[in-house]
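Before anything else, here is the set of structures, which you'll find just below.
What follows is chain A paired twice: with chain B in the first complex and chain C in the second.
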Partner chain A sequence: MLKIAKERLNELYAKINESMGLFIPIKRAGEVNYAVWGEGKEVSLETLKTVKSPKNMFFPQTENMMQFKTEGKNIEIVDIREEYKELRPFVLFGVKACDYKAIEVLDKVFLADPVDTYYQNRREATTIVTLACSRPEESCFCGVFGIDATAPTGDVTTWLDGEYLYWQVNTEKGKALTALVKDLLTEGGEKEVASQQETTKTVLEKLPFANLDLSRFKPENLNELFEAKEWEEMSEACLGCGTCTFVCPTCQCFDIRDIKTNEGVLRYRCWDSCMYSDFTQMAGGNNRTTQLQRFRQRFMHKLVYYPSQNDGLYSCVGCGRCVNKCPQKLNIVKVIKTLGGKNND
Partner chain B sequence: MKDVEMKMLERAKALLESGEVARVIGWKKGDFCFDPAPASFETVEELDNFVYDYFCGANLSKYLIQMSKKEGKTAVFLKPCDTYSFNQLVKEHRIKRENVYVIAVECMAKLDIEKIKAKGISMVESVEVVGKEVKVTSAYGVETLYKPDVVLTKCATCTKTHQVKDEEIILHERPARDVDRFEEVAKLEAMTADERFAFWREQLSKCIRCNACRNVCPACSCVKCVFDNPASGIAAKANDDKFEEQLFHVIRAFHVAGRCTDCGECSRVCPQNIPLHLLNRKFIKDIDNLYGEYQAGETDEGKTPLTSYTEGDAEPNDVMNGEAK
Partner chain C sequence: MINETLIPKIGVVTDIRKDTPDVKTFRVVGTDGKKLFEHMPGQCAMVSIPGVGECMFSITSSPTNKEYMEFSIKKCGCVTEVIHAIEVGQQITVRGPYGKNFPVEGDFKGKDLLFIAGGIGLAPLRSVINYVRHYRNNYGKVVIVYGARSKDDLVDIDEIKTEWMNEPNMEVYLTIDRPQDGWDGHVGFVPAYVKELGLDPNMTAVLCGPPIMIKFTLAGLLELGFDKSRVYTTLELRMKCGIGKCGRCNVGDKFVCKDGPVFRMTELDELPDEY
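Let's turn to the complex of A and B:
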């Protein structure tokens, strides 16, 4: 294990930034989100939950896909992916265990056949440095999904305490990154990390949502869950906004649209939300016309549809962002407790 | 607050039992002491989960657009500031007034759990308010906070009193407050245009286009928002820097100008804590200056400055040149 003193972290960031891009939680206008590092930026590794998850790095909220340049009767197609060939490799720094697991969920969607090359380009250019949690809070429930918040993987795993950032190499990519910053790192830290993990684990065990029971959420219960009368009551206060989907690290839906530009047409995609009234609108209209149906879709997808297609892997990682951010305090935990059977009472 | 909750519960039970109303809109208990959710209750049994405390910040008036169209009467608990939104919606014929039974309830300024957590407190177990002190018990110990530091932004400068007619009221006597809601607006006005542009750019660059501000806003009551109409050529969800940073929120503020009651829900629900209410307050301040003091939602009838004409109205040119009275 390696380590670096906390007050030298800026040197570490600067060193990485010499040859790679660096995305890290940065405080801007009062809120912490992943952003490009630069001198003078206020890094906040201590922030437990960034508002937006790091999925933005591989799957930006809005992304240009191609351009159609028109001149007279000629149409020139500009493949924007060409630019990515020059993409500078970058480091995603400070990813928590839940968010790291979420990347696995996204990979199963975007890297499955047919591969989403826009996502793949960014994903392959990235080295991921994870950061273990040391002070989880009441809205956290990653343990329910088998995630160990004290030992995330990634290319490099780090732990932070009052004095040092501890550094453990996991992969070849991680080794290459470590070689780049080796002058700043010294040996040691096993004992400190083990003791932090032990303390954190006692907190994790006591979290209010630590014992949620997911056993009812399986494919064979699909119809029964779908027909549950409780959806009406659960969705009644839903505003139909996209907060839960946009702060969610695993939500992956997008819309593709064309916009007229001075040169022709630009095709872009942007995050979409199943909570929105125009979601998956087709020529014949929309197959979900009420907020109840939209609300049910989101949670059925997380807890039943996705796992039934991905060997039981849930597409919720228990990050708790929706628990904190839903304007009207509706969230997936309330759904699990309502429909998940008596073990959740 | 406990006594107010008891009285509310008593009334809700009586109204449901007598059949006078078909449902009651209030708040139901969450998983923690700080996450009650808006809910409707149709039976006395359902009221077991009823709660009214310092975290019931949500404005319930907009739910009445749908609820008042249902079979039977709907009773609703409205805090003083919510009654303005209610009046405004009635005035705009969005709520079927005859189907609603309003009970105005005490507010006492609601708390913001995010502000409490920002003080470094997590694993909150209980919160107790005594006067200006907020005693927060968490797994890590007990801390006492100064209440004005941790109330919802919308409550910090609120001087509103209930404005509903002919209905029930459950209120304590409340001393008048000496606060100026335009203080932050004045600070923005004192900036140079460049500074102000930088301020809003920095704030609005955080926007994720979740549309929570629009969807919660009682003044945004269009059946179909123009931004949700794909045929309009714009996408409500595309987070394109130039558009959303500079236009979306400004356009929305224009659309609700003269009708915004300053309920502050936009800022309460913003996941990125953008102070959106300041855009609306700027318009309110300007309307006050140009047309005389006006508070939207004070009544559910009458003319409004931006939808009626008088000979003394400010000329557009004067407004643009900053020469209006």
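Let's turn to the complex of A and C:
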């Protein structure tokens, strides 16, 4: 275990920033989000939940894919991925356990064969420094999904406690990063970290959603859950605004669109939402015409379909962002309580 | 090596055949005049006109055609509208092949095969039928039942009449929905015709057409004693990426683009009824 005094963190950031990009929670206009670090920026590692999850580091909200130049009947494709070859390695700093698990969930989608090279390029260029939670909130329920908020992995794990940030190396990438900043780090901290973890765990156990029962969300119950009459009541108030999908660290649905520019046609992709009415609209019809169907799709995907495709891994990590942000106070916790199993009372 | 799967190839339309009032078949090769890529019967490709949009279409030509690929496209939306307006020589973009194919090298081998198509539903089946004709000795008897709204809506009718109807050990039954001048063949809907024909339930069946046709034809086949595990069909849902990532064509634990479009009826039974 290594450590650095909190008041020297700016030196650490500056040192990393000399050779790599640094994305870190930064407070701007009252909101904290992952952004590029620079001198004078207000870093807020203590913020438990950034408004947007760090997924847009690998899967940006909009991303240019290619360009087409057309002349008469001819088309030329410009592969703008060339710019990625020059992609500067970067460090994603301060990722909480839930958001780190969410990256694992996204990896299984984007890095599965055939690999999504846009995602892969960004992912490979990144070193992830996680930060253990010490003050979880009421809306947190990562423990339900087997996530230990006090010991996230990543390339380096850090703990913020008292006057120090404690630093533990986990991978080769983490080792390389540590070598870069070794002059700023000193030995020590095992005891402090262990003590913080113990205290946090007692808080985690008492959280209101700590004991949600997921036992019914199994592939063999897929059709029974799909047919459940409770979807009607649960989805009744859903506006289809898509807020839950945008703040969700695991939602990965996207659209691919073309836009005409002065330089030709630009093809880009952008986040989309299964909550939107035109998401599945085809010339020949639409297989999900009601909000009930769309609402059900989102939660069935997270709790049943995705786990069925990925060895039981849920695509909810219990970050609680949707719990805080839904304008109608609908959320996955209510779905789990209603359909997850009999120990949810 | 970088997988180029989201970056398309440029294709040149070298021939356009007007099959019906709203279906055209487009012949496509690469800019070097060669076939763009190899595929297996039932697989699809994303075809696009930059600036207009990109859509998934089944590759209607057989993989045994080594010179070019063909797409039979019905005019029914914003993208197909523009595709129908293009002329020979126009470049388009194509990426693929995507999805699982019909088990022509697996479960179909040595079997008697029944193909049932309605309207543009012939497009994906044409690929399999011509593949089977090419490797004729690998398969048993072939029966084709094909129906459309009118005689003018039968896709690939020239090929059906000149080639398929003259193929040994291959029976072709055509039908149209309503009586029409100049048509002396069968009149009536596909599901009813299938039952009338009293087909051998030991055949392996492939259904492709509008959902309503599939539903009633399947019911008819089951009445005749067909086994659901030997009945195949294809699904069609909105797609954007084609590689199981954009989320659009997800039904239950399947992605139609990646796990389909070809499904056994028994597989569909396990999926939620949302396709």
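Remarks
The rule is simple: the second predicted complex is superposed on the first by the 340 of 345 C-alpha atoms of A that agree within 3 Å, B and C clash if a C-alpha of one lies under 4 Å from a C-alpha of the other, contacts with A are read in each partner's own complex, and residues count from 1 in each chain.
Here is the rule we go by: contacts are C-beta pairs under 8 Å (C-beta built on N, C-alpha and C of every residue); 3 or more make two chains touch, one makes a residue touch a chain.
Just so it is clear, the structure is predicted and the values come from calculations on it, not from any experiment.
After alignment on the shared chain A, the placement of chain B and chain C results in a side-by-side fit free of clashes.
When the two structures are aligned on the shared chain, A:253 is found in touch with chain C, with no touch to chain B. In the superposition on chain A, A:33 makes contact with chain B only, not with chain C.
After overlaying the two complexes on the shared chain, residue contacts for A:239 are found with chain B alone; chain C is out of touch.
Contacts of A:216 after superposition: neither chain B nor chain C is touched. Of the two partner chains, neither chain B nor chain C is touched by A:49. In the superposition on chain A, A:3 makes contact with neither chain B nor chain C.
Contacts of A:123 after superposition on the shared chain: neither chain B nor chain C is touched. In the superposition on chain A, A:272 makes contact with both chain B and chain C. In the superposition on chain A, A:281 contacts both chain B and chain C.
Between chain B and chain C, the minimal CA-CA distance in the chain A superposition rounds to 8 Å. Annotation: chain A residues 255, 260, 272, 281 touch chain B in one complex and chain C in the other. Here chain A touches chain B in the complex through residues 28-31, 33, 48, 51-52, 61-62, 135, 137-138, 203, 206, 208-209, 233, 236-237, 239-243, 245-247, 255, 257, 259-260, 268, 270-273, 276-278, 281, 323-325, 327-330, 333-334, 337, going by the rule given at the top.
Of all the residues in chain A, the ones that touch chain C in their complex are 65-66, 68, 70, 73-77, 79, 81, 109-110, 112, 114-118, 219, 222-223, 226-227, 252-256, 258, 260, 264-265, 267, 269, 272, 274, 279-284, 287-288, 293, 297, 300-301, 304-305, 308-309. Within the complex, the chain C residues that touch chain A are 2-3, 5-8, 10, 50-54, 76-80, 87, 89-93, 236-238, 240-241, 243-248, 250-253, 270, 272, 274-275. The residues of chain B lying in touch with chain A in their complex are 30-32, 35-40, 58, 63, 114, 117, 122-124, 139, 202-203, 205-206, 208-212, 214-216, 224, 228-230, 233, 235-240, 268-269, 271-274.
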